[in-house]
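Quick heads-up: structures coming right below.
There are two complexes below, and they share chain A, which is joined by chain B in the first and by chain C in the second.
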Partner chain A sequence: MTAQHRSDWLRIAPAFTAGVFLLPIGAGLIGTVLPAFGYLPAIGGNELSLAPWRVLVAHPGFATSVMLTLGTGVLTSLLAVILSVGFCAYAYGRPWARRIGAWLAPLLSTPHSALAIGFAFLILPSGWIVRAISPWLTGWTLPPDVSTVGHHTGLALVFGLLLKEVPYLILMIVSALNQVPAREHLTIARALGYSRAEAWVKAILPQIYPQIRLPIYAVIAFSLSVVDVGLILGPSNPPTLSVLAVRWFFDADIQMYFPAAAAACLQLLLVIATIVLWFSLERLLVIVGRRWIAAGGRDGLLSRLTLPTAVVTFTLFVVSLLAIVGMALWSVAAQWRYPDALPQAWTWANWMRRADSLPALSWTTLLIGMLATAIAVVLVLACLENEGRGERAGTGALWILYLPLLFPQIAFLFGAQVLLVRLELDGTLLAVVWAHLVFVLPYLFLSLADPWRAFDPRYARTAASLGASRFRVLFRVKLPILLRPLLIACAVAFAVSVGQYLATLFAGNGRVATLTTEAVTLAGGADRRVIGAYALVQSLFPFLVYLLAAALPALLYANRRGLTRWT
Partner chain B sequence: MSFAFLRIFTLVLASLWLSPFAVAQELKWADVLAKAKGQTVFWNAWAGDEKTNAFIAWAGEEVNKRYGVKIQHVRLKDTAEAVTRVVAEKAAGRNSDGTVDLIWINGPNFLAMKQQSLLFGPFTQAMPNWQFVDTVNTRSNVIDFTIPVDGLESPWRRAQIVFVYDSKRVKETPKSVQDLLEWAKKNPGRLTHPSVRNFLGATFLKQALFELAPDSGVLQSAATDANFQTVTVPMWAWYDQLRPHLWRQGRQFPENGPAQRQLLNDGEIDMMISFNPSEAAVSITAGLLPESVRSFVFAKGTIGNTSFVAIPYNAAHKEGAMVVANFLLEPATQAYAQDFRQMGNFTVLDLAKLSAAERRRFEELPRSPALPTNAELGATLLEPHASWMTRITAEWERRYTK
Partner chain C sequence: MDLNGALRLAAVRIVLSGRELIAPLDLVVASGEQVTVMGPSGCGKSTLLAFVSGTLDPVFNASGRVLIGETDVTALPPERRRIGIQFQDDLLFPHLSVGENLAFALMSSVRGKEERRALVQQALIEAELDGFVDRDPVTLSGGQRARVALMRTLLSEPKVLLLDEPFNKLDAQLRNEFRRFVFEHAAARGLPTLLVTHDAADAAAAGGRVIRLGNG
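Our next item is the complex of A and B:
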């Protein structure tokens, strides 16, 4: 293949990538925005009106729902950024932090809902923590009737979301650090008398922030629109807006489709407004921060602040691990009732019952995840390479890719399903891979785009001046240097694919069974023993992939010291 | 998924597409059996219960052995997911060779599919085992939430409201909803009900409505603006007294039945409402509830309904689906399903119509102290018209969601 041909192919990459997703996304948009304004002739909505919005606003508890959504979403995002940055500032350069990628793997690979259920079991009044100290210490022979899970302030939801979002942002920071001369700058700053934390925040954070901006926006969008964790940990009367929208989309009363669509649109607006607000605060911080950094203070205030954030982050890690261990114990429990700190009886039956079906389910899950990730990587790399060569044509359309992260999934999927039936593709593995791509690709793109753009072009130029073709530059220079962010992005994408429920169900006609479809349907039975077993099985493959992503660079590039560690 | 989706697309197409259904009376069972041989039936069924999943797997082995029909269990989180799939296929013009062959269905989902002509049939009369179905005493076998079944769905398991309680903690069980209120006052925080947006939670209120309404006869027809207020006033007065004494002071509720069962197992509550009369016995066997749980019903009877299977109009394997529906009605199958070590479902058959040998299968089923007898179960009240549930849910939200 000649360089010329390849460039042609690359030029159409952004348009092609956007095109592949235009159909389902378009169908989803039409299916949401128009009904929100009362237009859907099939059910009697023949003209545009604001009636759905009136129903939404007049619904009991509407104002509470909106405040709750904004409050939990913004608080989660803010805390997630502060904690992850504070933790990295504290941990960076310390010997124990070298293996951070491997540490994070189990936390990142456990599905949101499974971790939320494990966390709920920890903090319930009849949960593990109370069991451990009852009744000998508390005197509670019956669990106290107080609210923890589902508390009306939404704090349990915030905490539950942080368990996943903080490790995710730390991972993104680790990935970004690869592209800046962090070690050198830190050494210089420390030589100038800055403390470790100050040096990190003043010299390194400004360099990596542009790279983690998109992941932060993803955290904001996710926290404001999450459904499954909201159902498990959030308040229910009224719930957050996204839970309300899903409830209405599922409602038996046809007329609720209109306010459901309006709620979905409002949710989108809240996400956009929050991101805009965040962006403005960023600008403000840049102005203030520049002065602050230029002032050159060395008062050690930051050092005192980073320790508490690191402690809180550590607590989050421990809570996550306990939640996972709790679910693991449940998976081998025959009975485990209040107030026993450990199961009364043990059994392998929860596992043996599944032994027959697990191999086939695992294979399907693995196959779909690998295919979706592989296709997404090729498309994203092609888009990014094209961009790197100054070809901006078509790149602008790529913002479309982020829409699936902002809208409720259910709105997109019905349109996609009709499309697939028309193409006679429904129920096939191919269809499921396509549906997964809609959600896998944006995550891969936002995980990889900024580290890729931060790549120092002098490496490529040097290689080119030595006579290397573009092809050779990509594979011999760029990919090795960007291997860590690439692998991390792939691991994130793979985990996203493994976690898909609705997409698998709709595109697969319910006939393509994965570990997640099995886990979600069985979770309806609210049996922690079953949920625990599936939580472990579901986490296994993403866990291995994260481990691989953490270990592979060190194994492959033992001879390139600069590429093997994050500190 | 949502009926909204369903109706949107069917209404568009209903006017364009009208096709005569195959009429079941003309179906010869021998032909059905011959055509069914070799078919794989995609049975779409809620899969949150492992016992039911195991039963469906067992049924698959049996019909394969006997009729050469395979069952593929398409596992659902919500029955409406299968309804949506049929709608999507109709929207895309796939009027034959559909991917859904059989759906576990009842109530609102059935109503939606029946109204939109998404069902194949009538087919039940053509099945040999239909003769055993109790159509006289168990009216819910032919009237589904006040909607006539018209042979478009075939019954396979019965549900009736019971209350499950921990006999270690509750010594005397309430005999009426008024008693229940007194009990809750004495034991604050030890009773709850599923969210009223869930069918079981709404049924908790419907049960109270039956006992407290001035005339419960009106519940069999649609609620109107005129009568809803007067009929429900005593129920809301009762509920206003009850709510502060519920678990979490009536500010939080478990999302659904299984979540409520977990609360009982965790010792957070002492009693709960259930739709399966065998819930206590089945859950003890499964290790989901303590051995000390038992069940009771109210003296004036409790609401009951029937679960059905239906065949979509465009199903690819209608004959196979009918063979499965017929198999589910076999006395031996029904007895197996009623065994509390399996699903513990009370049968939809009229035992008087069975031969002595077949009746013995039911008489010889294992007993459990947690299992109520038919006599203890008492009278079954018919489900009110669906509009009562919709209005009760909306009114509840208006009153208690701030």
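Our next item is the complex of A and C:
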């Protein structure tokens, strides 16, 4: 009977939203697969053939690229899972870990490329770590002749990726923990004689794994196919597969487009294969794990492993912090020669010199971020409000939501660009906003969904019985009470947009410049003072937005203690 | 029976996944009359109230009509039915002050700041909470919040009052006082009142007919 009251226009919200980003992904995939097999009439490819694949395979260093991609991707994913699980097993329930979400969120709002740039400076042979201990400890008056950043094994890339992926998985685990009676189960398990870490891994992890499965797959896809961090920290020759693809895509010889598309396709296949492999491993682990848990061993290796993993994870946090601080120092350094631990002279000149370019870049970045977030908020709220009247979005919808995060960006951004060129929209702000929207929307939805659904429905019922229309209930009751979760979700969305590299590059066809595209381009350069300034602004932006999101509700509702449940 | 302003339920039937929760129910609650609905947990008492107020979850299959006097409100959205509802939690909006909570109920017919303020003030005096207009609801005691919640509902000038176990969270002493408060105000305004409870003392205090649902 209440079905009559369901707003009809609201019902199309989920379908419309799904369309908004399934369309680019679908069109993008087609636009990448076809050229991979030689079909792109616009540049002379008129018939399907395997020639692009032959070019790809024949490329010197192809095998190394593939091995490198798989190696770094799989290693990063494994380490990310082990470190985040180990950290949570160690930290859960301890008093200092209670607000861990609040501490990690600013780290997550920092664009990955900014972290990578700062990290590169830390670990370079002439970098901060070496400077801090030279020459008094090491005797190196000149930087040692080793390779760290760009090392051919890709280890620098792995470490750089972990800087952000571990906090991401930790936050996903923390939110999954809210769905199960974790504290009670932990208490029971410990009362049965299991150590805190063992209790966590044996009793709680199996319960929450289904909820962190999709985030883990997203980490796998990202680690295998990342471009911006790969450009900054990964080896240059031969590079990872997606870096190779991007290089060929922007090659002066337009015929390189075809092998580039083939490389992107191969990248997609690698991601799919790895996820399938991981899934099979899950199944195996379930069987083995059950037996292990049922065996009842209580003082095993596990309890001893969690402290080391927690220490490593802490190191990651410290490294991230140092990375940002390093960039900040560079941006105000007049001169910072090796082997000084700190700059000899300070100056604002670096910032003054950037006074022409930074404001415009910042404004573009801000505008794109705000537009993408605003559109996403409207769509997500429409979907969530529609949910409240009936069916809740099931797991199928969750998979759809995660799709942009599971496909390697390069696999569909290629084709999306072809589509945009066709529509003569490429290089426009609108195209870039749309491309960002595809990635912003899932994060916004995931951020907002739980608090929104947890809202006591009786408030709305009471307000309705007092005569408030649906609009009034939404704007005068629900939104004010849920202001903090909403603003935080917007801050997350904004951070995702600021950090986008490939999306801006492809949708903007190289014509739209944001802080991130500029920073990544400059990262290869020699003047770290310039890089420092850009990387710092790149990090500050989302961080400030996040601070605002956290502080604004506290200010507005300073005299409303009843809202602390949501704050 | 004088049907003027009475609440009438006609052949109300509620089904959940094939199981009949509420068999076809015909009920008339006259103006100023208080009818109690009792039954064990899960028998559908609150669901019945949800149906009457128009906020029934779509998973339920419901049929029947709800009428207030001669007006059939079955097809109307909840905000147009003029049916007030009280829950066991006061559900005062945490982001508004006590006065703002009360003013929230005044929207439709009242215009002008002065008049609104006067009405809110009057309601506060009636609830013996004069001076509380700018207070944060969470600083009030349970009994005070319950009184504000009822005054808020009454300020929206409902034609019917639904009470979903509203006395549950109050201790024995407060319970008596608040019960008297509610029934006095409801009777004074001539509101047909439907009370849902599992406590026999509430039913006795209401003094009206008792309908039993479920096996009870």
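General remarks:
Here is the rule we go by: the second predicted complex is superposed on the first by the 351 of 567 C-alpha atoms of A that agree within 3 Å, B and C clash if a C-alpha of one lies under 4 Å from a C-alpha of the other, contacts with A are read in each partner's own complex, and residues count from 1 in each chain.
Operating definition for what follows: contacts are C-beta pairs under 8 Å (C-beta built on N, C-alpha and C of every residue); 3 or more make two chains touch, one makes a residue touch a chain.
Quantities reported herein were computed from a predicted structural model and do not represent experimental measurements.
By the touch criterion defined above, A:459 lies against chain C but remains apart from chain B after alignment on the C-alpha atoms of chain A. Touch counts on chain A: comparing chain C and chain B, the chain ahead is B. In the superposition on chain A, A:277 contacts neither chain B nor chain C.
When the two structures are aligned on the shared chain, A:557 is found in touch with chain C, with no touch to chain B. With both structures placed on the common chain, the touch criterion links A:468 to chain C but leaves chain B unconnected.
When the shared chain is aligned, no partner comes close enough to touch A:311: not chain B, not chain C. Within the superposed three-chain model, A:342 lies out of touch with both chain B and chain C [touch as defined at top]. Once chain A of one complex is fitted onto chain A of the other, the partner contacts of A:481 are limited to chain C, with no touch recorded for chain B.
When the two complexes are superposed on chain A, none of the residues of chain A touches both chain B and chain C.
Of all residues in chain A, those touching chain C in their complex are 1-6, 389-390, 456, 458-470, 472-473, 476-477, 480-481, 557, 559-563, 565. Those residues of chain B that touch chain A in the shared complex are 1-5, 7-9, 11-12, 42, 44, 46-50, 72, 74-78, 80-82, 84-85, 88-89, 91-94, 99, 108, 112, 188-189, 195, 197, 247-249, 251-253, 255-256, 258-259, 261-263, 265-268, 286-288, 290, 386, 390, 397-398, 400-402.
Per the touch definition, chain C reaches chain A in the complex via residues 50-51, 53-59, 62-63, 74-75, 77-85, 87, 89, 91-95, 104-105, 107-108, 136-139, 152-153, 156, 158, 162. Chain A contributes residues 40, 42-43, 59-61, 64, 124-126, 142-143, 145, 147, 150, 152, 231, 235-238, 247, 249-254, 256-257, 260, 334-335, 337-339, 353, 410, 414, 417-418, 421-422, 426-427, 501, 505, 509-511, 513, 517-518, 520-530 to its touches with chain B in the complex.
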